[in-house]
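A, B, C and D are the chain letters, set down in written order, and residue numbers restart from 1 in every chain.
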Amino acid sequence: MIDRLHAALSLNPRQTTIVTVDMHRGHLDPSVATMATDPHDARRVIAAARELLDFARGASIPVIHVKLVYRRIPGLGSEGMTQPFWRAMHELAESDRLTPGRPSTVDEHNIVGSPGTEIIPELYAQGDFVIDNKKRLDCFFGTDLDQLLRALGATTVCLMGINTNTCVLNTAFTAFNLDFRVVVLADCVASMYGEDLHVLGLQNVARCLGWVLSNAEFRGKIARRAAREP
Amino acid sequence: MIDRLHAALSLNPRQTTIVTVDMHRGHLDPSVATMATDPHDARRVIAAARELLDFARGASIPVIHVKLVYRRIPGLGSEGMTQPFWRAMHELAESDRLTPGRPSTVDEHNIVGSPGTEIIPELYAQGDFVIDNKKRLDCFFGTDLDQLLRALGATTVCLMGINTNTCVLNTAFTAFNLDFRVVVLADCVASMYGEDLHVLGLQNVARCLGWVLSNAEFRGKIARRAAREP
Amino acid sequence: MIDRLHAALSLNPRQTTIVTVDMHRGHLDPSVATMATDPHDARRVIAAARELLDFARGASIPVIHVKLVYRRIPGLGSEGMTQPFWRAMHELAESDRLTPGRPSTVDEHNIVGSPGTEIIPELYAQGDFVIDNKKRLDCFFGTDLDQLLRALGATTVCLMGINTNTCVLNTAFTAFNLDFRVVVLADCVASMYGEDLHVLGLQNVARCLGWVLSNAEFRGKIARRAAREP
Amino acid sequence: MIDRLHAALSLNPRQTTIVTVDMHRGHLDPSVATMATDPHDARRVIAAARELLDFARGASIPVIHVKLVYRRIPGLGSEGMTQPFWRAMHELAESDRLTPGRPSTVDEHNIVGSPGTEIIPELYAQGDFVIDNKKRLDCFFGTDLDQLLRALGATTVCLMGINTNTCVLNTAFTAFNLDFRVVVLADCVASMYGEDLHVLGLQNVARCLGWVLSNAEFRGKIARRAAREP
């Protein structure tokens, strides 16, 4: 059962890397967000992420921030517009289709240079790594994330960020396929698509792909490992 | 809303391809299955898939069957054993961990030459294409699926098979990232992981990635297009 | 023969994109270069590239500059150091192994923030695109080059830059595999590895992969096409 | 210099894998070849490969044969026909364009089921691995070669086969980019494109990418390592 798998998990800080998924103002800062997470979730996620990242850096665990940033292409608009589902959403002018109850825009989301592309300031620290050319849902797709993880000696990837059931889940799938151990940090993820899909995203990882940990569980496992191998 | 997106979908048979995901005996034939779908789901899926595939071939829509087949590696076992989550499952001898209520095996699943690697006979027809080197959850990962879809001129990929929330969903994510339009055929998918993850897998596609169609809806859209462009 | 293939080539400016390969100061500016091209070649290439790029922009042909930029990884050094051949070169302290007659460094090449990572100023213009996370020899490897080319509607990729027989040739191979038409702009490429490998790099493209054009031939083909389709 | 790099190379048989590139009858058996190597080169390569592979298997070094095999696509022909350079060759009916002095065919090359797709019988042994869905020049492109190499624990990839300056060189580039150590077995490669491009291919690897070894040098290095670590 999940409990036995969970208990058996040992996290070696020297082979673990945190990947933050789309934790930038375009999702998490209501003052500029183009695809806004529910503000309550945003506050929860930012607070939990800040606590987890501060702890991780103290254990010398590397942090990679992955950001989705779009160029404008003459005649096309945002680079996101070649995706047929997103284009269909845009053309139907469904302003709250992806974010029930809150306006959002597909075509103006995360355009290079916009304030939405800034990482949430309290989550970034000097020494963190940044990958800023994510173009779709998967943090590995079209980026050097795999190469950077291997350069860092990572065998376990711990994911936090937005959205539990799309970008986080897709990145979890690809990390799984690449034979990484996959951890999702449950306190530090949320979904703008709705609470049910947030819960699915976590269940899908816990029952099929990897390990879902709270901040307390993550800290506990790192501390137990450090006690064995100072 | 989903309804408007759904109504606006037009399917051109000349640019549509069906991809069957892991529809082989290792999942769907209880007499040999190493990771068995619930038998009731298996019967439903096979019947619906057979009906849909017969219709699709009549409309000259290509069919690609993707199979997961593992070599044995001396000293390692199945090629699946380098995946840490699967190895952990294997080592905990959790024989029903992935398939609640039914025994399953990770290390003996779909070994090359085993009867489980045969496509369900009633779903295969001469002229269908086969990709038989899938090794993980994503049908595109390590295969020539992308190249074959482009050779077939596909812009829309219609997925059926096993499992709704892992291989089908992962393949849907990658097709999305590659800018295909994504359709999941709801009558023709199931999940051995549980009914809740099956339902949520479909919701994830319908609300975030693409279009979920019943067999009747698929046939209707193809017929309407054919009426316009004989 | 090459002549017939060559004569039959038609270049549609609306489906053609220029990709500049590693045309930054780390290769081409002797005052800061960490892997210097022969200064005579550098002058030739910069002059020819400037002329070709000015012409291309006048025909509304997009330009993508791809740069190799390395992070420093604590405990490892440059991200390039996980490549065993480069590491072996570094450890043997072969300061002119890759660049006969001129000192070079593997471990200090193109570190993020260094002047070597600047695109040669006269080759850049506002409106050009930049990909700055190339980590190995192939411009497509770990970058979004493929997605950007498709967003631009490119079916023909025209390569210029450094080095004819490694980064340019590797990128030509991958463009070929992805079913792009491949053009190498002979006046605008050079190799720091030696003149023989430069010549043979061009022969390899012309006889096996695509088309090798001088600046004059490129301009001629674009002009002929424009005359037919204003 | 090459000599120092060469002397410093140590080959651990437990982390070394041989990859044979397109060593099937379509290239190497004049009685059925659709893109024939020069017969003298074919005899040389087959004899040297047989000797090297027998030695390698005796040292428990895994062997992976990679074959290029094309499906026929209705309306298109061979899957190779979406490559614009190959299509242009085919349309110009340049029957000896790629293979000076010998007739060849692009559209009928290595069609699934044809005798040309058989591995040269004396090079295959029970226990060898086979990858049979190569579609372009790079053995990694669209195949599970990377996953299989990692499952085998390989850190060094030794290439033999056809053609030195295209498929072997392209595969060498990708192996390099993936941070494998790259060895090309000079006695066991040849190029149908011409002797000068064969020489280039070897020079390009030796001076820029990896190590070029004769059969004797390969045997010597494996034997020396075995003497140190029985």
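Things to note:
Here is the rule we use: a contact is a pair of C-beta atoms (placed from the backbone, for glycine too) under 8 Å apart; a residue touches a chain by one contact, two chains touch by 3 or more.
Quantities reported herein were computed from a predicted structural model and do not represent experimental measurements.
Traced through touching neighbours, the fewest hops from subunit A to subunit C number 1.
Shared contact partners of subunit B and subunit C comprise A, D. With centres computed as the average of Cα coordinates, no chain lies farther from subunit A than D. Look at where the CA atoms of subunit A average out and do the same for subunit B: the two points lie 26 Å apart.
A separation of 40 Å divides the Cα centre of subunit A from that of subunit D. Subunit B and subunit D, compared by their mean Cα positions, are separated by 33 Å.
Among the residues of subunit A, those in touch with two or more other chains are 82, 136, 150, 179. Contact residues of subunit D toward subunit C in the complex are 1, 4-5, 8, 82-85, 88-89, 92, 94, 97-98, 136-138, 141, 155, 165-166, 169-170, 173-174, 176-177, 179-182, 193-194, 196-197, 199-200, 203-204, 207-210.
Residues of subunit A that touch subunit C in their complex: 71, 73, 76, 79, 82, 129, 131, 133, 135-136, 142-144, 146-148, 150-152.
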